[in-house]
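Two complexes are shown next, each including chain A; its partner changes from chain B in the first to chain C in the second.
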Partner chain A sequence: MASNLSEARNQDVVRLAGSVDLEHSPDIRRTLLDAVAERVDIFVDLSEVTYIDSSGIACLVEALQIARNHGANLGLFAVSRQAMRVLELARLDMVFSIHDDLASALQAKP
Partner chain B sequence: MTAPIPNDSSTVQDPDSPDDVQFLAAYSQFFAVSRDLAATLDTALAGIIQGTNAEAGALFLLDEATGELVCHAAAGPLDLRDARVTPGQGILGRCLRRNAIESLRDGRDDPELLGAIDEKNRLIVRSALCAPLAADGRPFGAIQVVNQRPRGSFNERDSYLLQTMANSAALAVANARLTEELVRQEVTQRELDLAAEIQRNLLPNGDLAGLPVYGVNRPIRQVSGDFFDYFALPDGRIPFALGDVSGKGIHAALLMAKAASLFRCLGKRSDDPAAILAIINREIHETSSRGMFVTMVAGTYDPGSGLLRFANAGHEPPLLRGQDHCYSTFPAEAPPLGILPDMEFWTQEINLEGGEFYIFSDGLMEFHYQEHEELGIGGLIQMIEGLSDLPISERLEALLSELDREGWEVRDDLTVLVIDDSRGARS
Partner chain C sequence: MTGAWSVTKLTQEPTGGPIEPLLELRFPAQADRLKLVRGSIRAAARMCGFNDTAAQNIVLAVDEACQNIIVHGYQGREDGEIVLRLARRRDGIQVSLVDSAPLVDPATITPRALTDIRPGRLGSYFIREIMDSADYRPRPDGAGNLLEMFKRLDGTPWQAT
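Here is the complex of A and B:
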């Protein structure tokens, strides 16, 4: 499940919740790609994510790659324990900038 | 197949007459065995024209994409084949909306009559009948006939005959479509079978028996997004790899083939696992699509010394079972392959010292039991302990059988590779 939470100038926040998996990845992918199409920095809120699989991560990776091609970035914040376990195990913390909350994400400017 | 046109129906006058019944029975029989859609439609229309003594007729099927009716068969002086009509307020539109037969005694103004549809060769229509073709109560086409020749107008018997034949024809069309769909599915299935066979051939084959390495791969779908590989170099060392492509199904299988081929090629040329992963990472990133990536452990094992050198790109930590039955894991030190172009990878070096090194896809960890519980590393260790007396070639198969027997539910491709140093002649 995914929803655009707010839209500020040059920044957009996307919230993902529940199962970020193969079943939901088409919707999640659309939401993320719509967000990065605006060519702004994207911050993805993963606080409500209960499960994430490789299809879900691929959606984040694709959005990150597109954002970088635009000269923008995609960062993650408030990552749930379940999602963080997967991200750390696969060393995706070396790929995404990960922040405790939106305030620190905005401050860090990905 | 030729149409079983029965007796000349001009002699038929009564809907209950034995000739009508015979006529309908013959057509029903033809429709029941016909599997060719075009032939079915032509035969249906020819029979209807003959049965109702109409001057012209046309059979339309709904084009789901555009909502238009497309003429698939035509009989009489007009060649309406491929003509398109948007069903509206005319006879075709009404027939579809009501899913019932429609008749006109004088339809010269109707824009959806055969005579009006053909702009060039107008046919003066004095009377018309239009019956829906429907399956499960949902109309997907219509048959229209115009100008009853002997009488000038259609009667109840013609309506009855048209509707009955349209019903049989609709069934035949639905059957023929189902058959076409089945044929398409069979073709797809054959192609998938072939792809699966080619993919299996990408994995190590039987002539490696005797090596102290063994792997199993079980796709959750027909083709796998996982792979493993190992082969012996002339100096006795054994390059090995196990990879897991994000996602499942054919798109994962295609990337799996690329990653496996790259490893097969590079593993013969370089003894530096980190360098191999760095090259595969760049190659996959260059042609990446949809954010797909590959987690992989790749390395080289030297059976002579027990030395194992490997690198882990975002993959589930391999598990070492020491000779003393102590276990240790080796988490990834770099992210998966294909995400960012310039990533650094690290080679780890350990000596197996008579132990066993297990590499597995996350499908194994995510084995579910009764909906919620995952097998996890603890469950895996328990199973390995129970099977460690078996020869290497049987151990992994036994692991999979045990999981099957215990009622665990697999949700992902499942791949396990074991390197067994216990036969090492060094101790």
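Here is the complex of A and C:
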């Protein structure tokens, strides 16, 4: 598969997979913004992300800001090494709540 | 044109001896073509001696520069082309990107501030953060832009002058 969004959305969990890049970020943005529109805390699984670029990071940042404006939050969990490298490069690893797995994320409530 | 082009100044001219061309790719300036290009960039960076993490960072920087051309240069035009040239120097990798988009005004090239977490302008930030130099100028024939980037093997940090 050429990559992308694995649409396994389950309640307040969004799973992204493959390349979160310029090609796929419009669909990913729509999915994330739909999720945060429900005004609940959102947890994003990045375990299967093999590549993420600035457009993908921008989707996450935008969703985080909208969630916070709604009084909710958006946390990341199981962040792949590739995705973490880019989050760290962008100095955003301290901006997002990042958890080892979904259980930890649910316990911490982002 | 305005947009999120990265600013640049060469802080140090590459002095790594002769340039050995590794690869030249000409491809449509379309988002779905970039995944075809990324593998070649990574392989070339590894061939130049970068470890895998550094090679992946170089992939990101070059990918972001291509995205800038697609989004801000050609502004969605689907008939644009990008020419990517990768070359090995003794001290690193040299990357050239050539387009036929409207000329870029370097004054409009502003990467994101470190404290700015709004979406956008991250691409230029990544280029600046990863590469040791990035020099934007018009093509010699005036028909587009030339971006030359260099990454040193020793990881000399970027120092804007």
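The working rule: the second predicted complex is superposed on the first by the 99 of 110 C-alpha atoms of A that agree within 3 Å, B and C clash if a C-alpha of one lies under 4 Å from a C-alpha of the other, contacts with A are read in each partner's own complex, and residues count from 1 in each chain.
To be clear about the criterion, a contact is a pair of C-beta atoms (placed from the backbone, for glycine too) under 8 Å apart; a residue touches a chain by one contact, two chains touch by 3 or more.
What you see is a predicted model, and the numbers here were worked out from it, not measured in a lab.
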Next item on the list: Identify whether chain B and chain C fit side by side or clash on chain A in the overlaid structures.
Entry: clash
Next item on the list: In the overlay, answer first, second, both or neither for which of chain B and chain C A:Val95 touches.
Entry: both
Notebook entry, point to check: Taking the superposition as given, does A:Ser19 touch the first partner, chain B, the second, chain C, both, or neither?
Noted result: second
Note to self: A:Ala67 in the overlay: touching chain B, chain C, both, or neither? Say first, second, both or neither.
What the structure shows: neither
Check: Touch check for A:Ser55: first (chain B), second (chain C), both, or neither?
Finding: both
Margin query: Looking only at chain A, is it chain B or chain C that touches more of its residues?
Written below: C
Check: Between chain B (first) and chain C (second), which does A:Ala35 come into contact with in this model arrangement: first, second, both, or neither?
Finding: neither
Check: Taking the options 93-101, 219-227 or 345-353, which segment of chain B carries the C-alpha atoms that clash with chain C in the overlay?
Finding: 219-227
Next item on the list: Go through chain A and flag every residue that touches chain B in one model and chain C in the other.
Entry: 22, 54-55, 57-59, 61-62, 65, 89-92, 95
Item checked: Touching residues on chain B, where the partner in the complex is chain A -> 244-248, 288, 290-293, 295, 314-317, 331-336, 339-340, 343, 362
Checklist line | In the complex with chain A, residue positions of chain C that touch it | finding: 31-32, 34-35, 38, 53, 56-57, 60, 63-64, 67, 70-71, 114, 117-120, 122-123, 125-126, 129-130
Check: Can you list the chain A residues touching chain B in their complex?
Finding: 22, 29, 54-55, 57-65, 89-92, 94-95
Check: In the complex formed with chain C, which residues of chain A make contact?
Finding: 2-3, 19, 21-23, 51, 53-55, 57-59, 61-62, 65, 82, 85-86, 89-92, 95
